[in-house]
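Here's a structure for you.
For reference, chains read A, B, C, D, E and F in written order, and residue numbers begin at 1 within each chain.
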Amino acid sequence: MSEKLINKGIRPDGRKLDEIRPLKIKAGVVDRADGSAYVEFGTTKVISAVYGPKKVHPRHMENSKKAILKVRYNMIPFSVYDRKRPGYDKRSVEIAKVVSEALENVIFLEEFPKSAIDIDMEIIQADAGTRVAAITAASVALADAGIPMRGLISSVAAGRVEGNIVLDLTKEEEDASDAIDLPVAMLARTGEITLLQMDGDASVDEIEKIVRMTEKGCKDIEKIQGKALIEKYNANTA
Amino acid sequence: MSEKLINKGIRPDGRKLDEIRPLKIKAGVVDRADGSAYVEFGTTKVISAVYGPKKVHPRHMENSKKAILKVRYNMIPFSVYDRKRPGYDKRSVEIAKVVSEALENVIFLEEFPKSAIDIDMEIIQADAGTRVAAITAASVALADAGIPMRGLISSVAAGRVEGNIVLDLTKEEEDASDAIDLPVAMLARTGEITLLQMDGDASVDEIEKIVRMTEKGCKDIEKIQGKALIEKYNANTA
Amino acid sequence: MSEKLINKGIRPDGRKLDEIRPLKIKAGVVDRADGSAYVEFGTTKVISAVYGPKKVHPRHMENSKKAILKVRYNMIPFSVYDRKRPGYDKRSVEIAKVVSEALENVIFLEEFPKSAIDIDMEIIQADAGTRVAAITAASVALADAGIPMRGLISSVAAGRVEGNIVLDLTKEEEDASDAIDLPVAMLARTGEITLLQMDGDASVDEIEKIVRMTEKGCKDIEKIQGKALIEKYNANTA
Amino acid sequence: MTAKLTKDYIVNQIKRNIRGDDRKLDEMRELTIERGVSANAEGSARVKLGKTEVIAGIKMDLAEPYPDSQDKGVLTSSAEFLPLAAPEFEAGRPGEVEVELGRVVDRGIREAEVIDFKKLCIVEGEKVWRVFMDIVVINHDGNLMDASGLAAMAAILDAKMPTIDKDYKIDYNKREKPLPLTTIALPITVMKCGNKLIIDTTADEEEAIDTRLTVTTNESGNISSMQKGGPGGFTVEEIVEICKIAGKKTDELIKKHFKSKKN
Amino acid sequence: MTAKLTKDYIVNQIKRNIRGDDRKLDEMRELTIERGVSANAEGSARVKLGKTEVIAGIKMDLAEPYPDSQDKGVLTSSAEFLPLAAPEFEAGRPGEVEVELGRVVDRGIREAEVIDFKKLCIVEGEKVWRVFMDIVVINHDGNLMDASGLAAMAAILDAKMPTIDKDYKIDYNKREKPLPLTTIALPITVMKCGNKLIIDTTADEEEAIDTRLTVTTNESGNISSMQKGGPGGFTVEEIVEICKIAGKKTDELIKKHFKSKKN
Amino acid sequence: MTAKLTKDYIVNQIKRNIRGDDRKLDEMRELTIERGVSANAEGSARVKLGKTEVIAGIKMDLAEPYPDSQDKGVLTSSAEFLPLAAPEFEAGRPGEVEVELGRVVDRGIREAEVIDFKKLCIVEGEKVWRVFMDIVVINHDGNLMDASGLAAMAAILDAKMPTIDKDYKIDYNKREKPLPLTTIALPITVMKCGNKLIIDTTADEEEAIDTRLTVTTNESGNISSMQKGGPGGFTVEEIVEICKIAGKKTDELIKKHFKSKKN
């Protein structure tokens, strides 16, 4: 019944408290896109693709000083147990907004006035952490598209499970009665946090520890993102 | 059970047959609007605000000879017992149409070619007479915005309850088995009727009496509208 | 119970296997349209009207080389037993698409660059064969509008009922357990097939026989279409 | 410019009691009513009023009653301008003119209790007949209100109710009883041009003049619904006059086109 | 150009700890809370924070519980910018700013378990109370998040639950018990301007600076919800600092405006 | 202009039996089918046909049967072009190409009775399994019809049905039996270019030629569904020829990629 999930610092899937789930990234997976990436974060699977910089349509949306960013986050119908009906839902609107804001200052949008950059993130299989997997994929897709950025954005959640501060929760861990989930996106190079959300019930102290743990996670992720981009580059020039 | 609502010409709330419910009007309640008004008509509460004359968007809607009028009537979700879902509903579309037509010839639209005047009427608490309260508010908001008009539009319903011709029905009275409700909007200065609807079952004679009674009501209302505008003016210049 | 529908080559409504249902066509039934037609195909009733060539709105849809074709297929709410809710449905979208493609190469669209031709097909009573009745009507409406075409498009379904290859199935016949329904539209003058759909389970041999039977049907229909146009012309010049 | 001239011309002619088609100001165009135009509907009717043409159809199914009238059937009306009817009509969500048309026809029937809704109750509070009244406009040459009201009334008189079995399954192939009626009611729309009142306006006339009052009157001469439209205004005297015109015209129409009544 | 100048001016002033209305960086505008603004709602409240004005209202009905919490009531929140509130607001499907506002207020209430949702269960797995929290923005002069959170909390405290009879019919005229509460929670939004942190920003200030963190804190000082917004970023130290500011401000607000608590 | 030249060039080459990628006119591109791409789906498959890539997924729940087939499960199919798949794809209500794609795949499965829908009935007239077939396009390099049909068929073969308890509650974590099948059916699309017939066209080829016939054939060689598309026309002889090509190709594909069959 109420057996503990975490014993002696080891989690149900064998990970340590500050360890991320297995992360696979492949850049350049959508032929027609300017940049793209496929990410498997544990059992969560995401594809992201970038189109642009390109013309703005309709034209009255143009900004004469910088490119506009159009972000879509979407779960395909069979990515979840209870089929997701296609179309508008508020959760997706909110996630697209915070992701867009997480990326906006990182991309040198001023270099492309009157242009648009479109980012699409599609969740193929949704377990825990779809939004952090999606941002991680989008960041690689942007780099793959050659869009100039101040650095790679990496993203992971940390939180609390049975009193432990843990990195990158699974669905099972998210269901613990005292669970907190705090997803973060970070310009890993500088430690600047550009996305942060949190649900639960925590003291300021705990929040601090959790956020610090995402720093470690994002640095780990950034390395894997970089490797994926190098692999793609090598494959292209091979 | 079937006790009478109206006894010896006195109505359940103590009013006489030709008396309107207590009416409070305050002009200038929405800071960012060009003109606005709050109206409490009995327990019905409405806010209306006016923006314009302003540019037309999208531009192909422009009329080169006069301003176009865009009217919205909306009940906020908790204004009624059964929560009103936000969004399109046919009743609101119809009311916006008849209100727009009630105001169109009263405003000197020709003075503002290629412009738009937007009127929003929001029902905060809906008991009886939301549309007449809304027009009464919109009219004050238009004057508050300094939009030139041929006069103030005042609005009230009259009808029949237990055989009596009565002014400004309450919800309770509207539920009488023989009830008729006939809302009217009037350029009170001239007696010209610019909105008229009616539901029920009445003879032509009764219709005549009911319409005549709205004339009295509108004149009473016009005075209170005027006073609200003077109060606002005095407050501004104080 | 399982009595046969077709006995000795005679069908429930007395028709022979290769005979179409009674077909009435009247051209010029909608006063304000550029061309129009009313069709009764058995008990299926359709009105179609054509507007154009006319300006394209919105203008960015314009094609500088030819007219664009906008086709609507719609069942009015009381055309079927289970009321059809007004608005978007996928079946109508699909039918409009295949009808548009059936007509596109037949009309000399290149003669009207930067123009639009709108075709509306409204099903008044839906029994079997609404789409073939609709195309048959649209074709007459186009001719009535004076739109130049390579010939009249005629349309009919054929299929299999109890092993028989039959022309122009009724609803009753469509419900036979082995029924196949194969609607076709044809430039009857040349035999060119510009619409073809099919549902069921048939051998290639059967498909061939069924398609050949639609050839006969379309030729019969073309004659009645031609007659309707001549009647309209005569009435106009009488 | 030409449009403006045409409008002025029409207005001036009306002021001199002259209409484009030689009708009197209070004269309706030729009216034909054809019932039973769509066999899959419980009832239907096509109305031609001059060149204006509308079809009304009734479908019925079972539904829950409204919370405030647990023992009554339900009426749901809509009107649609088919895109084929006029170059300016477009497919899509009904515009305000369609919404108003549907709602005025609906209230005319509902408020006059043309249909005896109590007789459409099957199990109080649980199951009642729902009547869908759908109006489609086939050709628009003015006065859609009256044409639609006539079509709706004719469709009601044409309707036969489907039957239900013990499990409340509907058999649309077995339609037996007519809809239970209490009266007949029709809308008449009167427009104002200067100090003239004019009925059954054409599309051209409606381009030139636009202030109207629609009055629905029943068999006993009572008014069940009114709706003013258009930018102008009316005096009380004009309203009373219009009610009288509507009553007279409705009476003529009922006598000529709707013999049968209650049942 | 002028807009740019104005923005730069505001930013420079804030960096010198100066605000347009002479407030300190961590000072809120005048706050008034008026309860019971719509009698048809189970609870409602109007909040004025400077010139910003929002109304929150609660309606309740019965619904099925969510599959993953069969013994709990349901909360559904939405926020709407009424077109009358600002020239840039338009009617239509809620935009992303409205969606975010509604969802942040919703999570603040839900995650802090402000309402004791278990007490809103009537028949486990079948029938629970559903609480609709609707927020409408009447005047937008910045800091809509905090104004909305305050209005929502005040509406919850204002609410009286309707009663139900044996057949689960709701009587909205007979409202008796208050909503069962466990705590009070309020959002505080802190914006960043250079290395300055500033609260309760006006619309003008929000034009000039745009990176924010909203932190919802409850009575015991714990944080139940956070949401970063805007294009910029924060350091860990800034986040901790903001949490502390939010805790302090929430505590002050609860003491001043929300005396009563659990029940 | 260049676009026109390219199109003319492609057409001329095809007329000389030459394709850009050196394939024969009746040769398919390399096909890979990967099953089980989304573990939350009952069944799923990714198909790569050259550079074209689609994923099909199956979700199941319980629903009422259709009125005209009380003893059969329900199939609901849809297709969506994900915006990431091509610069011209946009989010929003499915366009006519997506609608047609979803419906043609749906009819191919339904009419061939690939799934034994009778075995998906739980309580006749009340409760049946509903199968959602969703197709998403990941990369569009032509011939989406055939790629989607292949993915749908592979997803069906991949699917394991969730289990239900006595109260008809679904347990998605316990998936046991495969979907009951009666046959395998696949669509083959043949396009026409002058008097040449060509299969498995790329996006470039589809820019140049646009008249097509899609034919769905089952294991026994029978045709269950046909759909002509594009502005041109076919002769009867061409239609027969295309049916034969489709039958032959389907047979090859089944043998190579779909060994297992009925169960």
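Note that in this section contacts are C-beta pairs under 8 Å (C-beta built on N, C-alpha and C of every residue); 3 or more make two chains touch, one makes a residue touch a chain.
Every value quoted in this text rests on a predicted model; they were computed, and no experiment measured them.
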| item | value |
| --- | --- |
| Required minimum of steps from chain A to chain D, each step between chains that touch | 3 |
| Any chain that touches chain E and chain C | none |
| Rotational angle, Cα trace of chain D fitted to chain F, multiple of 5° | 120 |
| Centre distance in Å when chain C and chain D are each reduced to the mean of their C-alpha atoms | 32 |
| Interchain centroid distance [CA atoms averaged], chain B/chain D, Å | 27 |
| Rounded Å distance between chain D and chain E, as computed from the means of their C-alpha atoms | 48 |
| Sequence positions of chain E contacting 2 or more other chains | 93-94 |
| Chain C: positions in contact with at least two other chains | 82 |
| Graph class of chain-chain contacts, one of line, ring, star, complete, other | ring |
| Cyclic ordering of chains (reference chain B, direction chain D) | B, D, C, F, A, E |
| Sites on chain F touched by chain C in the complex | 67, 93-94, 96-97, 99-100, 102-103, 107, 111-113, 213, 218, 221-236, 239-240, 243-244, 247 |
| Interface residues, chain E side, partner chain B - complex | 37-42, 44, 51, 55, 57-59, 61, 78, 80, 82-87, 91, 93-94, 132, 134, 136, 138-141, 172 |
| Partner chain E, residues of chain A touching it in the complex | 82, 88, 90-91, 93-94, 96-98, 101, 104-105, 182, 187, 191-204, 207-208, 211-212, 215 |
| Interface residues, chain C side, partner chain D - complex | 30-33, 36, 43, 45, 47-49, 51, 54, 72, 74, 76-83, 86-87, 118, 120, 122, 124-127 |
